[in-house]
Every structure is written in C-alpha cells, then in structure tokens.
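Comments concern the structure below.
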Amino acid sequence: MTIPTHVQAMLARMRARFTPEKLRAQMEARNAPFRTLRPVRAASEKSVLGYWDRLIGPATKADQDLIADPATLQTAEVYSGNIENFIGTVKVPVGVIGPLRVNGVNAAGDYHVPLATTEAALVASYGRGAYAATKAGGIGTAVLYEGVIRTPAFVLENILNAGLFVEWVATHVEQLRAAAEGTTRHGKLTSIEPVIDNDVVFLICRYTTGDASGQNMVTIATHALCEAIARDCTVPIFKWYIEGNFSGDKKASALGLMTGRGRKVSASVILSDAVIAKVLGTTADEMLAYGRIADLGAKLSGQMGAQAHYANGLAALYIATGQDAACVAESAVGFTRMERRDGGLFCSVTMPNILVGSVGGGTGLPSQSAGLNVLGLKGTGNGAALAEVTAALCLCGEISIVAAIAAGDFTRAHENLARLR
Amino acid sequence: MTIPTHVQAMLARMRARFTPEKLRAQMEARNAPFRTLRPVRAASEKSVLGYWDRLIGPATKADQDLIADPATLQTAEVYSGNIENFIGTVKVPVGVIGPLRVNGVNAAGDYHVPLATTEAALVASYGRGAYAATKAGGIGTAVLYEGVIRTPAFVLENILNAGLFVEWVATHVEQLRAAAEGTTRHGKLTSIEPVIDNDVVFLICRYTTGDASGQNMVTIATHALCEAIARDCTVPIFKWYIEGNFSGDKKASALGLMTGRGRKVSASVILSDAVIAKVLGTTADEMLAYGRIADLGAKLSGQMGAQAHYANGLAALYIATGQDAACVAESAVGFTRMERRDGGLFCSVTMPNILVGSVGGGTGLPSQSAGLNVLGLKGTGNGAALAEVTAALCLCGEISIVAAIAAGDFTRAHENLARLR
Amino acid sequence: MTIPTHVQAMLARMRARFTPEKLRAQMEARNAPFRTLRPVRAASEKSVLGYWDRLIGPATKADQDLIADPATLQTAEVYSGNIENFIGTVKVPVGVIGPLRVNGVNAAGDYHVPLATTEAALVASYGRGAYAATKAGGIGTAVLYEGVIRTPAFVLENILNAGLFVEWVATHVEQLRAAAEGTTRHGKLTSIEPVIDNDVVFLICRYTTGDASGQNMVTIATHALCEAIARDCTVPIFKWYIEGNFSGDKKASALGLMTGRGRKVSASVILSDAVIAKVLGTTADEMLAYGRIADLGAKLSGQMGAQAHYANGLAALYIATGQDAACVAESAVGFTRMERRDGGLFCSVTMPNILVGSVGGGTGLPSQSAGLNVLGLKGTGNGAALAEVTAALCLCGEISIVAAIAAGDFTRAHENLARLR
Amino acid sequence: MTIPTHVQAMLARMRARFTPEKLRAQMEARNAPFRTLRPVRAASEKSVLGYWDRLIGPATKADQDLIADPATLQTAEVYSGNIENFIGTVKVPVGVIGPLRVNGVNAAGDYHVPLATTEAALVASYGRGAYAATKAGGIGTAVLYEGVIRTPAFVLENILNAGLFVEWVATHVEQLRAAAEGTTRHGKLTSIEPVIDNDVVFLICRYTTGDASGQNMVTIATHALCEAIARDCTVPIFKWYIEGNFSGDKKASALGLMTGRGRKVSASVILSDAVIAKVLGTTADEMLAYGRIADLGAKLSGQMGAQAHYANGLAALYIATGQDAACVAESAVGFTRMERRDGGLFCSVTMPNILVGSVGGGTGLPSQSAGLNVLGLKGTGNGAALAEVTAALCLCGEISIVAAIAAGDFTRAHENLARLR
C-alpha cells in the first residue's frame, strides 16, 4: 500500500509479461552483423530509391509512394542543403486562420497565418482567438530584445588564470569582435558576458542576426572568436568548447527565460465585454477567475514561465514556414497576463525566446517558402515582423483556451473536432 | 555605460527608425472592417480552393500549387479529422538513419528511423550516433513509468471545504474511476493525487492510455470524472475547470520532470574505446571531460534537466511519424549521463515525458503512417516500443554531439552540410 | 563596451590592487605547520576556557566575556548534546509580537510570537501584520500534509536489475517498514516512492515524525531500512548511500515545492477595507495592484514559488524557538495569494516545507525552551500547532510588506527604524 | 488504493480527531476583544519588563529570567537599532573550528570560525572538513563578482510608453546615478538593466556596497533613484514600487543563481589521497562515485543549483557573526564540484549569493561583534575576506558530508553526537 499504485500497476504488467531470465536475454548487447545506411548528402532520385530498397520490409511500396511521391522525387536535389539521407517528404496538413490584425512596431497589417498540425481543434481554436483579437482592433506587438547566444566554455588551470583570462578577453574585445563578425554579413556581436565557475569560464556571446534565426551564423562566428582567443590569449587554455551547454539552445532554461534568446516579444490586446460575450461565449470575470487558477497551477507545478499552450501555435507555425521545429523546446516559455482595464480585458503574452527567420534555414524550401508567402513575410526585412506575428498568434491561442476552459467548452471542442477522424 | 550594450544597441536601432509619434500612430487599435475566414471542418477540393482565393495577394498561384498540389487536393478529405481550415500540406523533408539496434523491454530489433527536419547536419549527426551505438551492440531501453496526466482544479469555499472535498473524493474513488473509464476502451485511471492550496484543489489524474499518446482520451475521461464529482459531491463546489494548468501539457515543468508524463524511458549503451575512436573520432576521456563542462553549463544556466539537444531528434521523429510536434516542449527534458565503465564509456538518457502513440492522433495520415511503417511500429501493441526507440534515438544524438564538441568538429560539420543550401 | 560594466568595474578594482604575480604567490597552497583545535563533545567550563586560550589574538578577553559569559560558563554542559567545540553563546535579540489570533485545525488561540533577529523593522513589520490579521478575526490555518523525507540511493548493475530491485522492494514493504519503524517510537513510514534513472534507484521514504521536526529520526530509520535491504535483497547492490541528495534537505527544490517536506500548511485571512485603511494605511485595490506586479516579478526572475519574504519570519521564529535555522533554505518557499472577496481582501500563504518541532533538536535548550513557552507550544502535542502558527506568522509578514510597498512606506520604515543603530 | 497512502493516512488522522462541525466552529473568525502589544523601539529595562508582564501565563518567571537575564537587561538599549519590541536575548550555542587555512584574493590566513547552531554533529563535521582542507595546504578563494540588487517596478500606460520609459532612463543614467549615490558613502551603482513585460518595466539596479551586506543601503539609494525618475521622467508613470519582487532578496531565484546577488565566490582545494584516507577515512574514488549520485539526485529533484548542505554552515556563521540569517534562503544556492586531478581530488564550491558584511547590520551587537573578532574580520576592509571565508567554510562542509556518506559514516555520526542530548 505504501508503494504508489502506478508503480504497482507497472510492476504487475511486467510480471505478467516477463521472467527476469527472459528480460535478461532480450536486453543483452547483440553483435549480429548489420549494414549501416550509406550517408548521402546530395539527394537525387537515384539516392532516394536506393534507400527505399533497404526500407521495404516493414514498409511497403505504398508507403514509399506516399513519402517518395513523384513530385518530391523530381525535386529531390532542392532538399540537399537541408537534410541528409533524404527519402522523400512527409506531408503535414496546413490550416489557415485570419485575418489576424497586428499593430506592431515591426508587423503592421492583417495576416493570414498558415498552421501545420495533425491535432484536431488547434486551428479552430487559434482562429477563434484571432477573430476575437481582430474584432477588438488588433494586437499591439513589439520586439523588446534581440540576441542569439552562443556560449563557448574555456577550461583554465585554476581560478587565478580564469580571472586573468577574463581580463584578457575584456581588453581584447575589438579584436575578438572583428574575428567573429568577419565570418558573417549579418551577424553583429552585441555583448560578451563572462560567467566563471572556479577554473571554467563561459562566455555568453550575444549577436543580432539580421532576418535569419541565426543559429548557424552565431556558431560559425563564435568559432572564429574562440580560435582568435586560443591563438592569441596569453593565459594558457587547457581546453575550449564551442558550446558549454549554457546557451539554452533547444531547451527550456532560466537563462533564456530571463535574458532572452532570439527575439523577445510582447503582444497584447484589450478585449471588450461584447467581443468576449459574442466571440468567446464567456465573460471577462470568468476568464479572470480561471486565469488566477491557471496561474496558480503554473506555479504549483513548477512551470518555467506561466502560460497555457504556446507550444501548439509555435510548432504549427514553425513547421508551416520552415523554421526549426526543435526550437519549440525553448520558444514555448513565457508569461501570459490578463487584467481588468477600463476598456475590457487586457490580455498579454511576453515570449523571450522566439527563434524565427524570414530568410535562411528551411524558409527556402518550396512549400515552406509558400507558407511564408501566405503570411507575406518572406525574405529580407521581415524577421522582426515574423517574430511579432508569432507572439500575436500565441496570444490568440491563450485567449481562446482560457475562454474555453472558463466556459467549460474545452472538452467538447476536442471531442467534436476529432470525431471526423 | 551602465546600461547593457545590447539594450543600447536596441534603442539606437529604434531611434533611427521611429519617432514616438509615428510609433504611437502605428500601434493604435484599428477598427477597419475585415472579413474573417469561414471555418471549414470537412475539407474538400472546393473548400481548399475557396481559401486560396482569399490568400492570393501576398501568396501567388505558384505558392498555392506547392501547398495545394494535385495529390493533396485529391485526398483533402482524409485530413478532416486532424485539422480545420485545410489549405494543403507542407512537405517536410525526411532523412533516414539506421539500422539502430535496440535491445529493450519493449523494442527489440534493428530499426530504420525516419527524421523530418529542415536543419542540415541533424540527420547526419544522429546517424553517426546510431552507427556507433549499433556497432557497440545496441541500446538497452526500458519504459520505467507510464501515465498521462490531466489535472482539473476545483474551487471551494474555504480550506475546510477543500479538506472535506478531498475526503469525499478519497471515499468515492471507485465511482469516479467508473465514470472516467466509462468513456474509453484503452484508458485506465491509475491514481488521483490531490494538491491543495488553501481553497483550491487540483486533482492529478494519471492514466495509462494503451498505445495512443492519449491526450484527448484523458481529457474526455477526466471531464466525465469531474462531472461525476460536480453532480454527486456533497461539498459545494464554486467552480471547476477541466485543467488547472498544472499537468505540464506542452510545456517544461517540474511536475513532468519528476513524476513523468506520458512514458518515462531510460536508454543506455556502453561504447568501447575502439568504437569511440573509429566512429566518433575522439576518446572516452575527451567525451567525459566535455561532459563535465556540459553538465556544469546546464546547471549554471538553470536548465530544466541536463541534456544537450533531445529536441532535435524529438521534433524530427514526431513530425515524421504523426506525433504531436507541440509535445516537444515537454518531451525535451531529461538527463544525459556518461561514466567510465570497464567495457568503455557508459552513455545514458532518461526522458520522463515521451508522448508518442502508435495509433491515434496524426499516425493515421498517409505519409505519417508510412513513416511509422518505415520504423515497423505502426498500430496496436507498439506504443511502448515506439517510446523506447524515441529515447534510443535521443541517446544517439547526445553521443554524437558530445563527441563532436569534444573533438572540435561541431562547427565544421554544420558549415559543410549547410553549404549545399 | 561590450563587456558588462559590473565586470569592468570588478576588473578595474583588481588591477588597482594586484599584479598577477602577487596574486599567484598569495593563492598558493601553504604547508606551514598548524595545530588544529582538539574536538570536545562534553562541554565544561574548562573546555570552554581551553578554546579561548587559542582564540585570543584576533579576539580579546572582552570578546571572550561576551560569548563565554559567567551564566553560560556555569551551564556549559547543557549544550553538549547540541553542539561540539563549545565556546559560549551568541545573544540574539528577541522581539515579541501579538497577540496573533489563529483559528486553525491544530492551533487555536491568541499567540505572542518571539522573533530573534538583528534586522531593524522586521519585528515591527510582522507585528503590524499580526495586528491587522487579528483585528480581522484571526487567521485560519490547516496542516495539509506531513512527511519528512529521506531518499537513499542504490546503484545497481544495470537497468534490468534496477527494475528487479524495485520489484523486490515493492514485495518486501512490510519487512522494510518494520526495520525502519523499529528504530523510533514516533516515526511512521507512510510511503516509499521509487525513482529510477537507468541503473540508479532513489527511494523517497516519507515519514510522519510526531511532534519533532524529525530529521535525525528519519535518517536513523532509513539507515535501518537500507541495511535491511542490503542484507536481504536478492538483487546485487553495487553501492548504497543513505541520502542521494534528492530529499531537498536544507535547500530549495522542486520536489519539496510540489510534494511537501516536513509540514505543508495553508493560512489565510480576509481583511476588511476598514482594517486595511486603518492598520495598513492603504486599500485593497492598491494591495492587489502591487500583488500583480510582485507575482510577475517572482515569475520573471525565476523564483521557486512566489512570495515576498517568508525567510524573515521563518529565520526569526526558528532561532527564537530552537528550530534548525538552516532549514530556512527549504522552508522559505511557497505561494502567497491575494484576491478580492465579498468581505474584503483574501490573503493566503501555502508553505509546503515547514520544518518545526515542539520537542527535540534545540527546543530543550534554556532560552529556546523559554521562547517556545512564550508561544505556549512547548512539548508533546504541539508540533502541528507550531507549524500552523509559523505559517500564520509568515502571512502577517506578507500582508505587511505588500501594504508597505503598495503605499510607498517600505523604505521610510527601514530608514527610521535602523536609525537608532 | 488510487489515493496516495500519505493522503489516506492524513485523512484517517483527521477523521479520528474531528467532525466537520467541530472544525467549522473552530476555524471561524473570532471577534473577541484583544489588546495588542504596544510597540516600543527604544528598549530599556522598563520596556522589557513591561512586555514580560503580558507574556507570563504560558511563559513562566523562569522563562523570563532565561531570556531577560540580568546582563541582557542592563544592556537593553544597545539592541534598539536592531530590533523592536525587545524582550531579551536567545542564547545560541557557539562552537569553533579551525584553523581553516584560506589562500584567497581577499582572505589570507588561518582562521578560527565560530558557528552558532543547535544541531549536533554540524560543528564536528565542518571541523573535520576544515582539518582536511588545511592539511591539504588551504583553500584558494576569489570573489568573482559583487553587486547587491534592488529592482523597482514601473507601471506604464502601454508597451510603447514602456519603451519610451527605458529610452528616458538610458539617456539619464548619470543623473539617476547621482540621485542614488547621493544617499550613501559606500554604495556605488554599477548597472541598470531594464526588463520589460509589456507595460511593466523592472530596473535591475546593481550596487557595490563596500564592506556592508548593504541591503538597506541599496533600498535607500534606489528609492532616491526612483523618486528622481518619478519627478523628472517625461513619460507618464502610472505607479512605481521600490521592489518588484524580482531581486531575489531572501529567496532562491534563478536571477540570483545566474547573475549573482551580494558576492559571488569560488573556493577550492585539492585533497591528496593521503589526506582523504587519514582525515576522511575514505578514498577519492569513493567520493567521486557518491558525487555522481549526489549530482544526479540534485538534478532529478529539481534542486536550484547542485550542492549538499551549504545552509548548515551559512546559518551557523551568519548567526554567530551578526549577519542576516534570513539571507540563508538565497545564499544556500550554488555549485559543488569534485574532479580527479593529478594531485588528488579537486573540490570546489561556487556560491553566487553570499550576503555578508564586516560592518553594519547585526555586526555591531556585543556577542556578534565578538564572533567577528574571533574570525579577525571585524570592521572596514574585511567584507570581501568574510565572503571568501564563508565560501571556504561551505566547502569544508561539502567535503565532510560527501566523505561521510561515501564511507557510510553519516548516520552513525549523527546518532552518536546527538546522544548527549
């Protein structure tokens, strides 16, 4: 009784299926021969079909035709800069919402937003939020900060040398900046912040990266910066690493939460009582009442930040527009607020880690490029606007889910929309 | 000087572009008329084309053809259960790695793993890790826990009634279980854990969900459970909410980190010195030396968990196999360990929040289903194996990146592979 | 300029004081002979004076007389069970507040609370909060949970054996309970929760500990439990440790935050507008307005929990009543809430990790025992009441500081009260 | 069965003691008349005795004599600047350890360290660590950062005004610095870092505070800074608060963890195998093996930082030397590392939030001043050295506890030493 029931249930399931001997045999390392797939970088119809020869078995020819469809096969080579061992494409359904009105520092206009997802109700929910926000006059947005981080680590002999190392870096900043910025047209080094733990020094290198999300750009620039240090620094360096697992790249971290990584954006709207009643089917008071509980739940459960479901909108937009979907792990952190205001209900999101680009990465691939074009935000000059639309989108999602849970509609919506499956 | 340089840089950029007046005008709410997109659930060629009529403008006919290609148009209705306002599909390139040998409690065999991503070097890096792990005899895996959580919140009159409410729930568990499990064939309620904050009670409801990831299943079951409470409980309930924003659904939270959500899996392998040298081009000592720094970086930067880049493998596998990509936000949390062992270098990941299903969600869509078939893990009976392969995949990614950074290869790999773009 | 100014300032200070050579010499390990103090457990006037012979030098005879005053010297031996190498006592000033009315499950009455601190304004601030709360009819309190944790760690051969180990523990719970409870009259083992990370198993052992805070009690009980496992378990154990640094003992941790450690208590009061105006010099709206900001600040700064200054009240009460002051590190975590209610402003604290005892530890020392007597909560039967008074006290502190900051009084209060120094 | 056993046990205990009716009556607000204690700031024998007249009842005359002993009564007025409602002193036993050899940037010498605690084994354990470290040649230390934070919050009309506010602050830094520094001889403003969440701006104001811990100093300085802003800023400010609950004052927060608050210090020593064997009774390998588990436990349990028991040493030293014991809540956060080195076992602590002063606060009180004199670190010029000794002390505690748990001695030591009680 003292052992939690879910542990007991797990043990019972295991006992029913296995003896220890059987498990031991099954889990032993096996040295059976195998033939690894030959790596291919420059994809072609031939290379794709070559892979499929190996995959047929569990997979069927029908599966092959779905992934390596004729249109994909014909354009195989266009994917070569974005993937290795290419076998085709997975077709992720895209829904569209809008217009979403944004009155931002960088984004200004009515946007149609493409969302790629396989989860029923997601598009409908964000669409409802967008409708409410647009009816309320649109969402105000501002990029508050920008800066992608790389954080190389340097191992010194001892704490004294760690201090002397920081001294050296601080007195050679311009030379280091030149080394870093020499690798890139768009990246600018905005600060170097040393963090010392005894004999180890991390350098938080912050860059602006123009309209690209910039993760590779800052890696390459920081590599050059590190090489300049390694070559010129008069303090002996035992070892250096391009990334000390400190930058928060593709993970939720307090550093990102507080200082921002990528672009930090606030987005807000004031919803009138009429809009809340008509579009959302509830009241500001009901939304605030639930908002208090949701905030308490976020804190009691040790959430990093306090929000409802940024990840849904982020993943859908990132996939539809060729962003790095893995960055959802770090972007889905932030702060949703709701407050009574004269004009109605003030709703706001602040998201410190939006990583999007209007150029580079996957944005040049055919359908992803088309996704950006639906938004009207492809190419140079649109990076900041894209970040603001991203935050505005997440605000729509927060408004809609809070209203749905406050009104008791949440389950029904999911039940109905998934029923078509 | 006292103001951080990145703030100063930001302010300078703003000053160069705007006057306050201009910004004020631009950011005002605008009541210009607009026409919202008509929501459509049951997609058809006609509905898709209807939307595109509205999108042409920023987007072109060429964009339309890329997203609403003929093959997609012909099968529009198959997506209706997974998305609303359907306008076509985005084609995410898929690379394949393997065979990846897994010697697990649930997964046992050599797997080819499809990875959907637009980030160069990702597939190559995971492929390298898989090759090393398979050469070492394969990866041992075990599901340690399973349980998807829903956490409804109940608002009572005061703390006394909160206590009486918990008493009522504790003495009516069987009746609540019946209500919950009556909604589902596969979901089983394994525990109800009350968390009280004064007059608010959250009930952590844990379920096993068979082979599905189960997020909708537990929502519907918990809704029924809550309705049973609301109907029968003798303690007056002011308000209840299906989710108190406590469950960690689609976000990194301490609750998920510690108690697990979805499936918790450990995966490990012992790499011999020969494998490390030959496949990874470095040594166990170099990997351990970097591992210590990476672990320190994780802690100093306030990472939730301590790992390098689970999110990359997770996002790629989730997209390729029809999982919910938004769950990357919660799944990309866990613990990577490396230790010297007699046979070489012990490498392990433990991931408490893997949310995958071999049935349900997006797994039934055409190309996603094909992705699961490449793995050979489609359909009933494969949920746990899929979770184990997921963890094994992430272990491959950890091995590869640690080796690359330890050996100083990381930047070069990214530079070269993205050059084809 | 790119280097933060505080780093530059630090480097400038260092340059002004040191050369690298000077620092290097200064920081070298020195093997000069030394004579360590002889450890003494059973204190006596002689042993105290013996130590002082060694301390005179930086310290003077006057210092000796202040710490080893005649009254202390005469009673030296009474401290022997609580400290080693005894040299006297430090006299921490005690202020008293009250009556603080508590209407709790366990505490019921009007209490005078002794607070030991050297920080001006602390007692006055808590006293003001207590006055407001008592005028409002008193503070409702309830112990919601109790359970002190020890978490031994077991290292197994591999994940399979980790699973078999958990299986063995789960099927031998009664025998393990007997071993644990055989060491203590008051400790009861309420649950064992295994947490697996590959080949390592942590057992969260929860106990109720009667009226003692119980930290030593659970250590000794768990040691016996571990020895029983080590002796009888059929799965080979590589190594076990009495504590895997998992329990949250004397540190802020998510585990303590969520599951509680020690006693979890909620305390609340509804302050009428009249009380807020008259006693606190502000309004409910002003307090709520600041409360929103304070809550936002807590989240943005990555606070564990969300509260203002529990630590002040906790440290003062713990020192005055012979509790373990180091436990402030874990106790000073929790959740302060304020909400509009019909009767006024609902103010609540929920503190999951209160570690206090009405017996044991330092509670038997002369002046500490007197401190508990001022409260009227010394001895058997008072542990839970003491925990509730602790939470009620912290609520008073939250009310007072929120009101002071909302009203703009905070700085002035500190300035005035410290001026007497 | 589905309800956790500790919840069931709690409910059973409640049922045995109470009916709902009884509890309801007991927990109702009570308006019985009461007489609050009259606040007294300037303490005197008369005021002390006046309070005791009110406390006799639960407390006895004997209790009064223990707290309001003759020596304390005679010197009542010396406490007036540090406490209100003074009723005497609590006598906290002090043990001494040493010499502790420190080879630091700021601390250099052999120190005897006074530790005030009521927990058996604490002094002995730290003493053992100090002996090992000193035998190994002493502990190297360095203050890496200093800066006490105050973080006022400003509420603006909207995000645009938030931006304009930051612009105003950034262009008026010198004037704000003058306002802040005009209030203090020792405080220097080193940076102002704005953090924006939509319409709310927090200003992280960092100061060096000379040899004082400086919490009041920075409050007063920041108050002046805020008043200057409120008076002169051309952007309308709705409301400002001296502290936005953002600074991490007296609580564990990610901000403090990462940027430091107070003084950040690293301390380290290399223990030879001989010292580990002779003094600590174990081996470097055993300590490293346990270190890995302790580190894993820290991460799995969601600890903020990763260390064993800094709080024990901190609380004891803070109380013995007149520091603010409530700051243990924020100081007890940091990073303990152990690594194999040529010379033996490298052991290090890095503590970002040490808040100590060699002047100010409680350091001027009689016995606390004597405590500082035992260390030889009283008065001007010793603040940084005191911080370094604090970190060195905590390192001793880490070494000792890791060795004790690795060797299996931990429980026995506590059992034996508490037996004298």
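When the chains are written out, they are named A, B, C and D in that same order, and each has its own residue count from 1.
In this text, a residue touches a chain if its C-beta (ideal position, glycine included) is under 8 Å from a C-beta of that chain, and two chains touch if they have at least 3 such contacts.
Listed by chain with UniProt protein names: A, B, C, D = hydroxymethylglutaryl-CoA reductase (NADPH).
Given the structure is predicted, the values throughout are model-derived calculations rather than measurements.
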Any chain that touches subunit D and subunit A: B, C
Self-contact between copies subunit A and subunit B, residue sets same or different by half: same
Rigid-body rotation angle, subunit D and subunit C, from Cα fit (steps of 5°): 180
Length of the line joining the C-alpha centres of subunit A and subunit B, rounded to whole Å: 11
Separation of subunit A from subunit C, taking each centre as the mean of its C-alpha atoms, in whole Å: 39
Rounded Å distance between subunit B and subunit C, as computed from the means of their C-alpha atoms: 37
Junction residues of subunit C, two or more chains touched: 1-2, 4-5, 7, 14, 23, 27, 140, 142, 144, 158-160, 163, 190-191, 195, 197, 254-255, 257-258, 295-296, 300-302, 304-306, 335, 337
Sites on subunit D touched by subunit B in the complex: 1-4, 7-8, 11, 14-15, 20, 23-24, 27, 158-160, 163-164, 166-167, 169-170, 173, 177, 189-194, 254, 257-258, 292, 295-296, 299-302, 304-306, 335, 337, 339
In the complex, subunit B residues that touch subunit C: 1-2, 4-5, 140, 142, 144, 158-160, 163, 195-199, 254-255, 257-258, 266, 268, 302, 335, 337, 348, 350
